[in-house]
Amino acid sequence: MSEYLIKNGFVFDPTQGIKGDKADIAVKDGKIVKSTEISSKAKTIDASGKTVMAGAVEIHAHIAGPKVNEGRNYRPEDKLFTYTPKGAGKRMAGGFSIPTTFKTGYEYARMGYTTAMEAAMPPLFARHVHEEIKDTPIIDEGAYPVFGNNWFVMEYLKNQEIENTAAYISWLLEVTKGVAIKVVNPGGTEAWGWGLNCLTIDDPVPYFDITPAEIVKGLIEANEYLGLPHSVHIHQNSLGNPGNYTVTLDTLKLAEKFKAKNKFGREQVLHSTHLQFHSYGGDNWGNFESKSKEVMDYVNTQKNITVDTGCVTLDETTTMTADGPFEHHLTELNHLKWANVDVELETAAGIVPYVYSPDIKVCEIQWAIGLEIALFTKDHMRTFITTDHPNAGPFIRYPRIIKWLMSAEARKERIDTFKHGAKMIEATHIAGIDRELTLYEIAQMTRAGPAKSLGMANLYGGLAPGMDADVVVYDFNPNTPHKPDDIEKAFSRAAYVMKTGVPVVIDGEVVNNGNKRTIWVHAKVNENPQVMRDIKDKFLRYYSVTQANYDVSKHFVPNPYVIEVDAT
Amino acid sequence: MSKSVTDVICPFCGTLCDDLEVIVSDDGKKIEDIYNACAIGAEKFMHAQAADRVKKPRMQQPDGTYKEVSYDEAVDYTAKMFHKARKPLMYGWSSTSCEAQSIGHEIAEKAGAIVDNTATVCHGTTLIAVQDVGIPSCTLGEIKNRADRIIFWGCNPCHAHPRHQSRYSIFPRGYFTNKGHKNRKMIVVDPRDSDTAKMADYHFKLEQGRDYELLSALRVALRNEPLPETVAGIPREKIIEVAEVLKSGRFGIIFFGMGVTQTLSKNHNIDNAIMLTKDLNEFTKFSIMAMRGHYNVTGSGQVLGWQFGFPYAVDLSRGFARYNPGETTSNDLLRRDEVDAIFVLGSDPGAHFPISSVRKIAKLPSVCVDPHITPTSEISKLHVPVAFVGVEVGGNCYRMDNVPIEARKVVDPPEGMLTDVEFLDRVNKRLDQLMGGKK
Amino acid sequence: METVTLTIKNQPTLYLEADTITPDNFSGKKASEIAALHAYEGRDQVTLGKYFEVSGEGGATAEDTRIVVKGNVSRVKYIGMKMTAGEILIEDNPDMYTGAWMHGGKLTVKGNVDAFAGIGMKGGEFVIEGNAGNYLGAAYRGDWRGMQGGVIRVKGKAGSDIGYFMNGGTIIVHGNTDVHVGTHMEGGKIIIKGNAPSKVGGQMVGGEIYVYGGIDVMMPGFKYAQDEELEVDGEKGNFSLFHGDTGERHPKRKGQIVYGKLYLRN
Amino acid sequence: MEGGKEKDAYTKACGIIEMDPSDLKKLGAWRGTNVRVTSKYGEVVVKAVEATQGPHPGLAYIPMGPWANSVVNPNTYSTGMPTFKGTPVEVEIAMNEPVLSSVHLVQKKCRGEA
């Protein structure tokens, strides 16, 4: 079988605490092994003078499924003049903010990302999500089904029925081939069924007689009852509104009384996603300001929380979220085309294009807040880089974000070209921060950290023997002088990427479609006839499909990696 | 002994009913009875059983008659047609599975083809409108559970989507609509007294071709701006009254069909209907949905979407994807002589295109893949019969509200009959051979 | 200024996509280099030289380059696409996308143009001495940013959907148009010296439309404001001003609602 | 329609023109009379029937299929969609001319025989 030795690179691996030491990485049959375990026939990859890291792990992006595809189909202008023609073994690839599935796989791989999580799967549309995942080459993928506005969940949690909630979650993860519990605007999206919303954690959900706080607490409890690999993954109430940081702190505090219970080494009970959108002060767009410090001061003290940034990249992009009422609010602000889908018994989704302009003060402030969250972080194993792709910007901008985080000079250059630079500086902290993150911290934020938060640290995000051989070489020498743009360039086009032992990218170009897997979680629970009866009843009375036609059959997941959990 | 297959998906219209029960003979070869289907759906299943069904590919002869050929010859002819053509049109894709569509797209990339589906003559203009102004919509279960205001604009579900009203829109009792149709007010806009219009609480019998003006008038009424005495033949007072009815509901929906998409103004009609829906969301909750025709035209748009980024009329000729209805749409391509071969699968342009376009098809190298004999098959150079998707072979499909539902196999196809997927797969491999690893 | 003359010598059997025919691409090139520029017929990559006799050479810059296209080019698309400066004169009838996404310079067509001419136009001067097809000066599908600037003048008549999603610039049509003029218009000016049948200014948010001839059926969302004496395209006239489309959202400026303006010549 | 397009049932369902009874009377036609429908774009022989979903004087309706498509306006206004609805037509009695089946009609039109 295949053996490789990646020699003489500067290795950054937080799982082993390696901080740029020169080291060799040995690979045998798709796994990392000790150098002594490979034969002399191993193929050598010379990484001298270059940076070596594990394959990066995307914890939150919208890359597959109904709303992503609606975004593609309703934005022909997003494809105009962006296409890359087909090549040997490569399909044609196009789209800027919402790339085609082929382009999604190719572009992640070229940046050294080897695993990605689709952040919001509407259960009724799970089959669609998996069809797209199947057509996304190279990267391992999983998807989070949404639970925060689900009628079963709200009805069980209204009566504090944790065991029933857990049994329903276990059933849904299995039939949808899902990974984790995603919560989007808890209660607010159900309220949107009537054109309403829940803007604080205590706003009652119409008809269901429950509050967002009760939904979140109940789902955390059910998650830990099951011991799932990942924690509850939350997009909080009141996203995108001035002054919402108090709602954010209220929600985060809900996690305080829970403790992580799982066999996967995960320590947090709540992952709070795209925190940038939730760290706003002021009470209108005129006095809008950053509250990243207040939010991160709290996050830094709480070991049971992980977060991702949701950095604004200052591009024209396409916002899409299961937060239906937010997208309606946004289209009323920018008057751009609005798509919405309410999904029976489960969730909703909205889509609106958005132009983050460096000439608009609010956009400049949003840019600063995203970076501040990363820069105020004390433990980079708990804060991860995302753009909430494509909401705050397309994922292809990660190298640029890394540049901004690693270089105060690069940040200053950007600020200098802002139209409202002085006003932006007044409303944020960014100009006063001279911190520059290290490659080790970047490896924590993009590899080891997200893998640990996902409960997949045994597979991904590190280079220790026994882990999957996802190895990336960047043409970047940390020990020689460089310009900020060199960082962006190196991280945009990896010199070498290996996915589970197969070289997939060489010199920034895709050379192989790899052996992509779909990850899902099988959580075993005790038989629960009541929940099975409830499910049958809801399908008979309220769903528009029969229960027998709801399951995602196995052939939609042709190369699965199933994580087993036993909660019996 | 007969056996019963339950939860069967109906491969007829975009309603994609998934509760059919089919009674099948013990050997799994014959359909004996069908429950829950509408008359048209039942006929579709029974047609698969017709004794005079064509079972072998047929090649057109110089005198216009057809001669049986083998599947090998059919594969070879088709692959050679793609190899030779410089801009072939691959049309149809609406009555087949997503799996077949996906292989078709691989062939299209290699051949530099244009992939267009039946939306081009049904809801293509809807897709243009969605690209211009978006679309607030929902799944059909939302309507069943919540809707109290239902508009049918330029569509006649009583005939075209027979179970739509009983399953989703008018009669069912849902979570918040436990009185069924008594909870709902029904408004129909149609120049004719259609059977659907006869059931309505309000019927706007508008002048043909004035949908755009009437939609605008409703939007003007919502903003309390002045209106002319009549618009599209409808008195001002009626327009204002209906605007109030729409505002006063708690959850409304506009269903629209080809009466608006094919009428003058076309995409603009839908555009304005969508904007009316958006406006209504300032007062209450409102959605809008296209009454899609073929059972998997929606799926074709989805697969094209994630693979290329456009829902129909996708031009791959230059090695990358482009899209512009008016240029890359089948009827414009045929009218302007832009294509040099045509491959049809899962539709019948011979029956559904204007005769001027059909004449162009008859002149081109052409392959028609269809279980039936159709006007298209009888003017094509090659007709390839295949198994019926949804009856003799399964596969994924998308309902009119984009909900994916996997069609089931109910009976075996006749012996030796290929499926769409199998035929396309063989053409794809043959094309690879012809191209010698290039392209 | 240097002149390059392209004379068509072979007709494509399909259509020729010749987006390389711009002063920007021709500048600094000799005839042989221009003949070697790429074009497409179906999936085949070809050269301009296969279809055109090329004489003369490009100027030092696009600004110094003039292109004359001679012969039957009714099967040639994309002439002048994205041109930023210089001049093109097309003596016959080019096909679709003539002057599409044009930024600057001057493009003159002696004959007629087919659909999508001048879509997404940002600047420059585009004169069509014959007739124009549909979607003249319109937005590309899905884009809310249609024509932004520049002037399009049609001496003959125009098709449907002219100035769709228009944001700026001017379109002048001396003859009649088909349905849908300035739909979703937010800025700029459309002047129609002939008739426009119906659906004029539908969903218009801002901008100005002038119609000298008649409109068969007015959109319901236009309300009469006042009569105005105006100078339009160099001539004076008396116009009735209508505000609309009142079914659409409209911004407010200094407390006043800003409507789209539809002027009908009295 | 789903029973087979070469079959008589398809011709019976779609090879027709639904007309208002008053228009039929004006034309001097009865239910079931064959008529020739002519537009700017072509002509076709179909069977006149009384509109079931009416009344609508002046408005006639050929449901779908090659009969309708022999006379519709193919202009797409650069949208891809022919203008299937709202084509002005003239109707005259054509008592002795047959209504062709869909397959024969299309074949004949393509050969330039009809």
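To keep things simple, chains are lettered A, B, C and D as they appear, and every chain counts its residues starting from 1.
Please note the rule applied: contacts are C-beta pairs under 8 Å (C-beta built on N, C-alpha and C of every residue); 3 or more make two chains touch, one makes a residue touch a chain.
Fair warning: this is a prediction, and the values are worked out from it, not measured in the lab.
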item	value
Central subunit by CA centre of mass proxy	B
Most widely separated chain from chain D, with each centre as the mean of CA atoms	A
Gap in Å, rounded to a whole number, between the CA centres of chain D and chain B	23
Chain centre separation in whole Å, for chain B relative to chain A (CA means)	35
Centre distance in Å when chain C and chain D are each reduced to the mean of their C-alpha atoms	39
Centroid spacing, where centroids are CA-atom means, of chain A and chain C in whole angstrom	44
In chain C, residues with contacts to at least two other chains	115-116, 134-135, 140-142, 144, 179
Junction residues of chain B - those touching two or more other chains	128, 131-132, 264, 318-319, 323-327
Contacts with two or more other chains, residues of chain A listed in rising order	74-76, 78, 336-337
For the chain B and chain A complex, residues of the former touching the latter	6-7, 9, 18-19, 98, 102, 109, 127, 130-142, 144-146, 167-168, 174-176, 250-251, 278, 281, 284-285, 287, 301-311, 316, 318-324, 396, 398, 401-406
Complex interface listing, chain A residues touching chain B	64, 66, 68-70, 72-76, 78-79, 83-86, 91-92, 94-95, 98, 100-102, 124-125, 127-128, 131-132, 135, 151, 192-195, 207, 328, 331, 336-345, 348, 351-352, 541-546, 548-549, 553, 556
Residues of chain C that touch chain D when the two form their complex	115-116, 133-135, 159-161, 178-179
Chain C residues touching chain B - in the complex, by the definition given at the top	13-15, 17, 40-44, 96, 115-116, 134-135, 140-142, 144, 165, 179-180, 183-184, 198-199, 202-203, 217-221, 223, 245-248
Chain C contact footprint on chain A (complex, rising order)	74-78, 80, 335-337
